[in-house]
Every structure is written in C-alpha cells, then in structure tokens.
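What follows is chain A paired twice: with chain B in the first complex and chain C in the second.
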Partner chain A sequence: MINDFHYLKPASVKEALAMYAEHDDCKIICGGQSLLIVLRQGMLAPEYLIDIKHLDELSYIKFDDKDGLRLGATTTHREIEKSDVVAKKYPALVAMEGKLASIQTRNWGTIGGNLAHADPAGDPGPVLIALKAEIKYGNSKGDKTVPLDEFFVDYFETKMEHGDLVLEVHVPAPEPKSGCAYQKFNLLDSDMGIVAAAASVALNADGTCKDARIVLGNAGPTPLRVTKAEDLLKGKKLDDKLFEEAGKIASEEAQPVADIHASEEHRRHVLGVLTKRMLKKAFEEAQKAA
Partner chain B sequence: MSQKKYTIINTPVHNIDGIAKVTGRATYAFDVTLPGMLYGKILRSPHPHARIISIDTSKAEQFPGVRGVATGKDTLGIKQGIWRRYEELCDEQILPLEKVRYIGEPVAAVAAVTEEIAEKALDLIDVEYEVLPAVYEPLEAIKKEAPTIHEGVERNINVTRHIEWGDVDEAFEEADYIREDWFKCSGQHHMCMETRCAVSSFTPEGKLTVYTGTQSAYYHQGLLAGVLGLREGDVRVIAPYTGGGFGGKFELDAAQFCSAVLSMKLYKPVKIVFTREEDFIASKRRTPMFYYVRTGVKKDGTFCARESRMFSNGGAYTGMGATALYLTGFFHSFPYKWKGYRYDGYRVYTNTMPSTSMRGFGAPQGMFCSETQIDWICADLGLDPYEVRRKNGHTPGYEVPGQAFIGSCGLEECINEIEKWAKAKGKLPANRGIGISACGFMTGGIFNWFDTPYSFSSAVVTINVDGTVELYVGCQDIGQGSNTTMAIIAAETLGVKIEDIKVHSGDTDHCPADLGAWGSRQTLMTGNAVKMACEDAKKQLLEFAYAEMGINIVYDLDIKDRWVHIVARPERGMKYEDLVKKALRGKDGQRIMGRGYYTPHRKGMISPAYSYMMQAVDAEIDPETGKIKIHEVMTAHDCGQPINPLGLVGQLEGAASMALGYAYLEDMPFEDGKLMNPNLVDYKVIRSTEMPPSPSIEVDTYEQEGPYGAKEAGEGLTNPTAAALDNAVFHALGLQIKELPITPERIRKALAEKKAQEAQK
Partner chain C sequence: MEKQVLRFKVNGDEYEIFIHPKTLLVEAIRDHLGLTGTKRGCDTVSCGACTVMVNGFSVKSCSVLAIQCQGMEITTVEGLEKNGKLSPVQKAFLDNGAFQCGFCTPGMLISSTTFINELNGKVPSDMEIREGIEGNVCRCTGYNSIVRAIDAVAQGKYKEE
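So, the complex of A and B:
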C-alpha cells in the first residue's frame, strides 16, 4: 500500500528546484514508472512528491550535425522511439527504446527518470554510454555536466545529491565510420534484461579499430564498461576471433549476481555471447557507414 | 457427424456481457460497497511450520479505527475441505488454532474503518510461535525422519491413488523395448486478473450474504455454511462476475472465510481484497509432480504396457489435490489404448503453499511425461511419431477398461491434419524443430466428492408475456463465456433470438444449484439442463399452437427465429409473441415455465464425454544462449459441435498462452518455504503482444451425450503444449529435457551433456 504524501506541482523547473531544496523528505515523480513500484513495495515513503511531468521546457529532442543530439529530461521513451532524426542518426537508440518494456510504459516513462532511477538493468544506460553520452543535472544553485559512465555510482545510486534534477542528455554527433548495437537477454522481449550488452565501434580510414566501447547491462551495480575488452580491440583489424576473445574477457570482467531468473554462470556466459554478437553487429554497421 | 441445421449454434457471437465488461459497468465483488462496510486485512504466518503458542490481539483491538480482530478462537475450529464426503481429507482450519503449516497461512484478521488502518493494526498483533522443523519437497517429506506436518499422517502421505487395468506384467513381457524416465513438473500460478475478494454481510436475522469471485457459488454456499455452523439456505453467495478462475476459485478462500467470521462477530459488512502478493503466496497453485514412467512397446510401435509412479508436492493441505492425483494418473494413459496400465500416485504434504486444481487438472503434467517419452521411444526404434500415435490412439466406441467409455473421438482426423500442416512446412533451418503432442480431456467430472444431493446441473426457464425469456442457471461465468453459451442453447431450443434471453446466474438465492465451472463441465452438463428446460417450455407453448392453428396432429410444429410454423410448410404459422400471449391466457395467467437437469449415469468413472486434439509447436533454439523462439502453435481440435466459434477461438488461444507459459516461462521457486517471485515483475506471464500465432482447426464430430453434439473446449488444450515444445527442442537439437519449465539454462545443460556423451563415443 502506498503511504500518503503531499503532492507538489511546480510551474517551472526553477520552482521545482526551489521546492526540492526546501523539502528534505522528498522525491521527484515524472510518470512514476519506476518510482511507483518502490512506493507500492513500501521501500520508499517520502513525505513530498514533486511532479515535473508537465514541465514542457524539459521535453525536447534537438539534433545538430555538429553538436549532436540533446534530449530533455522529461522526453518520453516513446517520443525518442518515434523520432525520425534519432532513427536516422542513432538507430541503436531507437531499437533499444522499441523493446523497453511495453508501449504503455514507454508512453509515460521518461529518459531522465530512467537514468535517475539508476537501475543497472535499465536499457538506455548501456546504449547511451556506448554512444559516449553525457548528462546534465542541476539544483537551485547551478548545474553541471558529466560523462554518463561516471554518473552511475552504485545500485540505484548516482552522483546526484538531494536537490539535484536531471535536465538533459547529450549524445555527440556520430563519428564517421562508426556503429552501435544493443541487445538484452530475456525470456519475454519486453522484459528487463536478465543481462544486456551494448557495443560501439569506430573505424580508421584503413579499417582498423579507432575506438570501441563495450557496456554491459545488469552485470554489476551500474552499467558496466569492460575496458580490458575494449582495449583488446583498439588499433586492430577486427574479426570474429577478436570478437570472441573480447566476449570472453567481458564475461570475466562482469560482476553479475545470481537470482531466480538466472545463475551467475549463465549470466557470464550470455554476456560473453552478447558482447561478441554486438561487437560484430556494430562493426558491420561501421563498415557500411559514411 | 455434425447436423449443421442450426439457426444460432455455430454462428460466431460476442459474449453477452462483453459490452458491460469493456465499459466498466460489470460489477465484480471488488466493486461492491455496502452501508457501514468495514475493511479487513489478514495476518499471515512468517514461518513454514510453527506451533502457535499464543496470539495477543489487545493492542490491535485498541488501535483507533479498528472494530474487531478474529483468530481461530472466533471460529468453530472445523477442519474443512471440498472433499467433504471424506473426513480425513478435510484438514484445513482457515484460521488455525494450533499450528501453521506454510508461509502465508492466515493466522488472524482485522476489521477496521479503512484498509490502511486494518493493515497497520496487523503489526500490533503479537503472535508467539514455536518454530518447528519444516520440509518442502515430497521426496524428502516422505522419508521416515521427516517432520510430521499433520499429526497421525505417516510419512506425510496425504492421499494415494491406484489405477490399474489388464495384466500389466504379462503385457510388459510382450514388449520388445522398454524405456524408463524420471520427470519433474513444476507448479504454476493461476494468475487471475481478479485477486481473491469477498464482501460478507451478516445480519441479526441470522442470514449471511457473501459477494465474491467464485467458480461455483453453490460450493461456496455449502462450504461457508459448513464452517460457520449455518444452514445452507441461510447463506447467500452472489457472484455476478468473476475475474478468472482457472481452477483456483472453487475452494473456500481466506477472503471469504475471514470476512464472514468478522462480519458475524461485528454484525457489519466486511470487505477483504487480496493484494497481488497475497494471491501469489496464499491462493494455491498447480501441483508440482515427480513422475517415474516405464513404457513397453513392440518393435512395430504397438503399445503394450505402462507403469508409472507419481509423487506430488501437495503443500500443506488437501484442497482439490486429491482429484488432481486421480486425473493426472488417468490422463497419463491418454489418448492411447494400453493392454496393461498401472499408476500409483502419492500426494505428499509439505510445508509449502497447498497445491490444487488448475486448468487441465493434473493432465498437463501426466501428458508432458507421456508425450515426450513417446517421441523418444519413436526415435530409439526409428518409428514415425504420427504413425505410432495413430496406431495406438483411441477410436470412437472404445472402452478404457473399467474407467471410461469413449463416445465421439476425432483423434485420427486431428493427427492427420497436423501431419499435413507440419509436412507442408518442408525442411526446417538448423536449430529449428516441430514437436507434436496428442491429447484428450474430459467434459465434466462424474465425481461427487462434495456429496451433493442436487442434480449436477439444473435450469429453470420462464417466458414473459412479451416473449422475453428468463433463464435461471447455477453455472458460473468466470470469463469463459458460459452465460453466452447458455443463451445460445436456450435461443436455439426455444426458437427465439439471443437477445430475448436474460441469463440469471451467480446468485444462490435465485439460481438452481449447479456444481459450477470446473473440469470443463458446464457446456455439457448445464447445457443439457438448459436444453431440457427449454424443450419443456417449448412443448407447453406448442400445445397451444396446435389448438390455435387447428392443424392435423400428425404435422410437426416448431419455432425458429420467433416464427411458430409447420415444419413441412414453414410459411404456415404464427408469431411467437402472439403465441406466448395466447398461451398465458390459456393457462389462467400462469407463466410458461420449463425445468431441466443433468446428472450423469452409466458413463464410467470419469466423464460423460471426451474431447481430442493434436498440437504442434514450431520452435527455434539459440544454441549459444539456450533461448527459445516460438514461431507458431498449431492445433487440430475435436470438441464435437462448436456452440460459439468466436468464444471457442478465445478459449483455445487463452489455453495456448497459459500452456506455453507453463512450458517455458512460469515457475514458482521456493527457498526455505518462501515463494521467491510473488509479483508480476518476477513471475513471467506471456503478454498479448508477444504471443506467437496460435491458430486452430476443428475436425467434424458429433457427441451424442452433449447438447447439440458439443463437448469440452478450452481446458484440454492446456495439456499438450509443454510436451509439444519439449519435442520441438528434441527435434531441433536432439535434447531430452525432463524438467519443466524448459529454461535456457536447462537447454544449455542438456546440450553440454549431449556433447560430453558424443565425445565419449
């Protein structure tokens, strides 16, 4: 049963931040696709909820060839999924959104809320980190921007402190000759991933690997970059053998925990398989890209 | 063969309550609010096995807003059960006085002015327990040294069941090949959209009214009267709509019992609604089973003998488990002819949530083991799995020795249809396979463990002056569309339109007793009662028509589409509405009333009729991750004459989804007696958007025992799917998986074992 709370509805981001600064026992709600579950389970019982769902100033998708993509925090998953420019420039992002929970959840859940919730099984985190995204958050005193892979600290914990609100996600313009891919392993397509892997590959003019990122989902307390596996690829001419090897390393670097959905061994194994497959897919896309 | 001369039967129609449901006007028990109503919450045991030393409710009683607390001491302490003909199987006190036997068992209940207050007051009840050693698995609980769960029950064996026919040992001697396997079948949650819910209102006149979701208002009337010390007639159960049952809603549940006890104590209406978690941990489940199966066949694939032993996890109490124990053993033989057959089933108590009936009633487990082993035997001997099933399958008129008489049977046609479908697919890509499974199921049970002196089904029909029809039945519409089915049968029989029929069901004060919605019984049993009642009423109407029309008595009269006419000269007749008015005058104003009933006789031990089907699952397996992708589930189905083809498709698709869930997704893992996934995030149910195509074709049969030739549909199709999927995995990758659900990890383990075996060779 959800405990009673005071409902606050600010008229602007500024007012939201002021309210947040004023109340100690307080949570932000912006759709509640993650928050309501923990409220209902009684894991959280805040005295105040600040609803920012209606704050249109944070709802936008902007793209510029030089600057890249900017997503306002209250932009819904469905809006990202349905965006033509995102589909054209960041197809992996759209593919990921297309399998994030159900349409009902995507219609209501937001990108900022998803990242602030910091569930290591969340889908957007790994893809956005593979795309080298950064995140802007702020409070009544000012804001700051950090690379997304530094944003997550622990299970359901980010660098944000009380009073901080996610404002924007920024994804740099796609590099030439680059590709990105993401897949989660689950039994129902629209479920959370039991484990997941995102990979991005950028190639040099000679076809060797300029840069690669591998980010695992639900394989540790945060979306997990497996840097040893990434390093293996850099500067090399990529092939299936290397992908296989990178998968093995990723599987060793991962820190998955067993639960009723899969053993630790199975998670490690599947992480290796997904890493291999996503690298290959990202590589093939990079080869095709301009 | 089907007669196909029907006006309404076999025409697709939407459920008559569909609009009320989709517009939110249908009133479920959850929607009921009565003046002065209190809200109840249930305190549940945190221990799998413990002695109750004391319960102190004083602090909770003093909490502001609390109106009363009930414990076992407020009850008559009666041990109840739905097998009320057998005292030893009535073993459950819903608010126990001495011991708790599973985590989640009710211990006390609070009534307060709000649900929130009731919930807070639960924390103020002080229960002192002496924790006892517990046991969770049947093969452990059956050991000598295991803790005793019910005093006086040796080795925790709750019920045993023996089924045997033919000379089994001799039949095994005739076999050229014998195969033995052990199987483990998992539990499954009913997952009703409506959780358990009841509003009970006891008045100073000594009458109790209970609004609740139920599969049988009559059973709940009888069970409540029994445990509360009331006369059946003083208990009124009202259940106009029920949000799903699937076998889980015909035993007495704690929402019904606790709200009634509190209401009788306080003389106020009390409402109790289970949370989703409560429904998961304390509303019973499909019975987990361990099966040992030994089968002997001849070289040419003729089945000789089968001998099986089964140990089921009964959980803490009997419930409907005793019936599941019998039916799993019987349907484990289905749909084949065995010269010798022997089954020994043991239902074992454990300190887990009780297991009970669930859609398929034990058959899905028995058939999973049987149908997979048959495919493996075919592979061992190089036989064609279609041919072997055809060779040994039931045929019309067959008698299962000492058990059952088979009337109509379209099994062979079903096998032929699926074979045609599968072969048309041609050669499949790597890692993809088609698995098949044949099955049959009952059309209502003949058993009377409830010991009712009433007919199994009854119906009363009265005709109003304007020709509209009041149909009173005790069958329970739980979403499967039985009210629509009854309206169709009534309209067809009387010769009126569906919209002329008002169906009254789900109220024990106004509807005749009926055993309710279980074992696929209502279409046949209530359907026959409705047909008989309508024929009775129609005969009375036609008596007046003969007189009014003044025709030669050798002519046949009939009514179709509200037109009363001579069968041989349909243009000669009169309006049905006019006839009704005249008939009313002719009877001194008495309404036309028809009565009908059905009680099975001379139909063997199990059921009056059997449906048959064959299913194929086309599945692809990712050998690296073990993930299964299901491309299609195809069914050929014999349910006799379909009454409502649209309702039939809905039932078959629903069955396919529930059965697929059982095959590869749904599981109820326990740790130290605690269910690990009591929520819809961790318990996996197939979503509508992810359901693979599941078409079906009907083969043409006519069942003499059924109304207009109809028999079972919708429950039986939960039986074949787990085996069909497992057989698809077998044909795709050569794996023999003997444990449900078929998870990626089990597939990987089997693959690793297969590789190791091949390396040894």
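So, the complex of A and C:
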C-alpha cells in the first residue's frame, strides 16, 4: 500500500528545482520503475512527489565526434537501446540496455532515475564508469558535474543532497583503439545481476595497454572499480595470463554479500571469471577498432 | 490527499476520472473503468500480467502512476479486437492453443502485439521472439505455443480483417 502524497507537476526543470528546494519531505519520480516498488513496500513515504517524467527538455540523445555522448536524465532505457548512434559508437551501452530488466521497464524507466536510485546491482553504472562517464546534477542554485565513479557513495546513496536532480550523463568520445564489454550473471534474463563486470581497454599505437578500467556490479555498496587490477594492466602487452591475474585481483577486492541467490564465495568466483572474460572481449574489440 | 482529474483515452474512448495521485494505472483501468481484462499479478514489475500499451509502448501498469498518463492513449487487451473481429495476434493465439490457465494471456497479447508492430515487417528468429516476451511470465510454462503463435503472425499468416 502506497502512502498518500501530494502530487506536483512542474512545467519546467527550473520549476521542478524550485519545488524541490521548497519541500523538505519530497521525492522525485520519473519512470518510477524503482521508486514505486520501495513506495509500495513502505520503505519511503514522502509527503510530496515531484513528477518530471513529462519534462522533454531532459529527454535527448546527442552525439558529437569531439564532445562524445550526452544523455538527458529523462531519456528512457529503450530510447538508448534503439539509438543508432549509440549502437555505432558505444555498442557495450546498447548491449547493456538490451539486458536491463524487461522491455516494459525499459519503455518507461529512465537513465537518470536508474543512476539516482543508486542500486549497486543496477546495470548502467558499471558500464558508464568503464566508459569514463560523468554525471551532471543540480539544484535551484546551480549545477555541478562529477565523474560517475565518485557519484555513488553507499547502498542507494549518491553525492546528491536534498534538492539535487540528475540532469545529464556525459560519455566522452570513444578513444582510438579502445573497446568495452559488460556482462551480468543471472538466472533469468530480465533479472538484476547476481554479480556483473564491465571492462574497458584502450591501446597505444604499439599495442600495449594505454588505459584500462574494471568495474564490478553488485559486488559492494556501489559499483566497484578495481584500480589495483587496472594498474597491473597499464603499459603492458596484454595476454590471457594478465587477464587471469586481473580476474583474481577483482575476486579478492570485491565486497559481495551472501543472500538467497548466491553465497559470497560463489559471487567472488563468478566476478573473477567475468572480469577475465570482459577484459579479453574489450581487448579484442580494441584491437579491431580504428 | 486531494484527488486529481485524469483525462486519457483508453481503447479509443475518452475518459475523465477523479483519482488519488497514488492510484496505479492498473487500478485506474480495472477499478475505475471496470476493464478487468488487464490482470494484477505480482505487483512488483516482475510478471507482466498487467502489461498495457501507453502511446504504443508496452509498460507494466502495476508500476506506472495513472496520473502520469495524463492525455495519453492506452490500449488494453479489450482494445485489440476491431469491430468485433479478433486481431491477428489474438487469432494466432487461439489457433495455436497459446493458453493454459490464461492469466498471463492479456499481458502476453499486448507484448506480442507491440513486438509485432515494432518489427516493421521483419521476420524474427525464434530467440528474438522469446526476447520480445521476456517481460511476461507464464507460470503454466506454455511458452512454445505462444512463440509459435507470434511466429505465425510474423510470417504473415494472419492478416488484419
């Protein structure tokens, strides 16, 4: 049973931010694909709900060869999944979206809402961090942009404070000779990942590793970067042995919890395997890339 | 909390109802309009029994606030037939016995219809059909006949009358 709330429908982002600043006990709803579940469970019972679903000024997919990709906060998962330019420039992002929950959820749920909800099992977080994305959020006084890997603070907690609204996700233009891959491990296709791993690799002209990122999903309170394994790869000529080693580090560095779906030990094991495989896949893509 | 006016179109008919803002779309459709074809299953965005079309896109009506559908066009399972004639997907479901208990059928029909619409004439693979109904659970596990029915429509064996 959802508790009663006052429903507010701002006509613009500016008005939404003013409303948010004005009311203390207040939540933002966009697609509500995460929020309505916690409202129904009674875990949240805000006095006011501000609806931003209809604010088209935040619904866009823009790409520029220099600037990269900009996704407005109210862009739906399905719009990203179906975008030709995203498919061409960031195939890992489209592959991730195609496996996010179900078609119905992707038709209504939004990228900004997903990131603001900050579920460590969420799919977009790890991929976007692997792609070095940053996120723009703001309140009635102004906005700021932070790297996405600094945005998540704890379980369902972000750097945003009361009055802050996610505005945009920015993904830099793909580096030359780079690749990215993501896979989650689950039993049903439309489930959240029991664990997940994203990896990106960029190569130097001589084929050595220029940069790499490894980000684990549902392996701790937030999407988890395994910088120790990333450092191991940088500057080296990559091979299966290094990927195996990186997987081992990821497995050790992860902080998974045990629950009905899998034990901690099993999760660590799968995280190691996924990290190894995703690095290899990202590496092979980088080799093929222009 | 104050009630609000929701004006929307359901299966081609204009409606104006007064609802609490917390009313879910499935509640508006079933309890306010009396269209009980749409089923309320899991209530947690998992099962897909409550799937309806909003402006042509499939959504799970148990997890959409009705008030967010202001001015939008909804299609429920009751809206699939035209002039008393079943839609191609409905006919294919009948011919292929794509039912067991039938509880998932309204949601399956809507997801199948949006899937067929989005194909734009392209013939899908078996796996693509299965992915097209990924958000709908059939607890009787009668998936094969459902997939056969969708395949028959995609192959052009059923035409709109």
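Following the convention adopted for this analysis, the second predicted complex is superposed on the first by the 290 of 290 C-alpha atoms of A that agree within 3 Å, B and C clash if a C-alpha of one lies under 4 Å from a C-alpha of the other, contacts with A are read in each partner's own complex, and residues count from 1 in each chain.
We take it that a contact is a pair of C-beta atoms (placed from the backbone, for glycine too) under 8 Å apart; a residue touches a chain by one contact, two chains touch by 3 or more.
Being a predicted model, the structure only gives us computed values, none of them experimental.
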Task: Based on the superposed arrangement around chain A, label chain B with chain C as either clash or fit.
output: clash
Query: Does the superposition put A:Lys53 against chain B (first), chain C (second), both, or neither?
result: second
Query: Is A:Ala258 touching the first partner chain B, the second partner chain C, both, or neither of them?
result: neither
Query: After lining up the shared chain so the two structures overlap, which partner does A:Val85 touch, if you call chain B first and chain C second: first, second, both or neither?
result: neither
Task: Tell me which partner A:His269 touches in the superposition: chain B (first), chain C (second), both or neither.
output: first
- request: Using the touch definition from the top, say if A:Ser190 reaches chain B (first), chain C (second), both or neither.
  value: both
Query: For A:Ile29, is the partner it touches chain B (first), chain C (second), both, or none of the two (neither)?
result: second
Between chain B and chain C, more extensive residue contact with chain A: C
Query: In the superposed arrangement, which partner chain does A:Gln104 touch: chain B (first), chain C (second), both, or neither?
result: second
Query: Does the superposition put A:Ala45 against chain B (first), chain C (second), both, or neither?
result: neither
- request: For chain B, sort through 40-48, 562-570, 652-660 or 706-714 and name the stretch that clashes with chain C after the overlay.
  value: 652-660
- prompt: If you lay the two complexes on top of each other, which residues of chain A touch chain B in one and chain C in the other?
  reply: 37, 102-103, 189-190
- request: Flag every residue of chain A that touches chain B in the complex, lowest number first.
  value: 1, 37, 102-103, 185, 187-192, 260-263, 266, 269-270, 273
Residues on chain B engaged by chain A in the complex (per definition of touch): 115-116, 119, 624-627, 664-665, 667, 669, 676-677, 681-682, 684, 686-687, 689-690, 743-745, 748
Residues of chain A defined as touching chain C within the complex: 2-7, 29, 32-33, 36-37, 39-40, 49, 51, 53-54, 78, 101-105, 107-108, 189-190
Statement: Seen from chain C, its contact residues with chain A in the complex are 1-2, 4, 20-22, 24, 43-46, 48, 51, 54, 57-60, 63-65, 67-68, 70, 111, 114, 131-132, 134-136
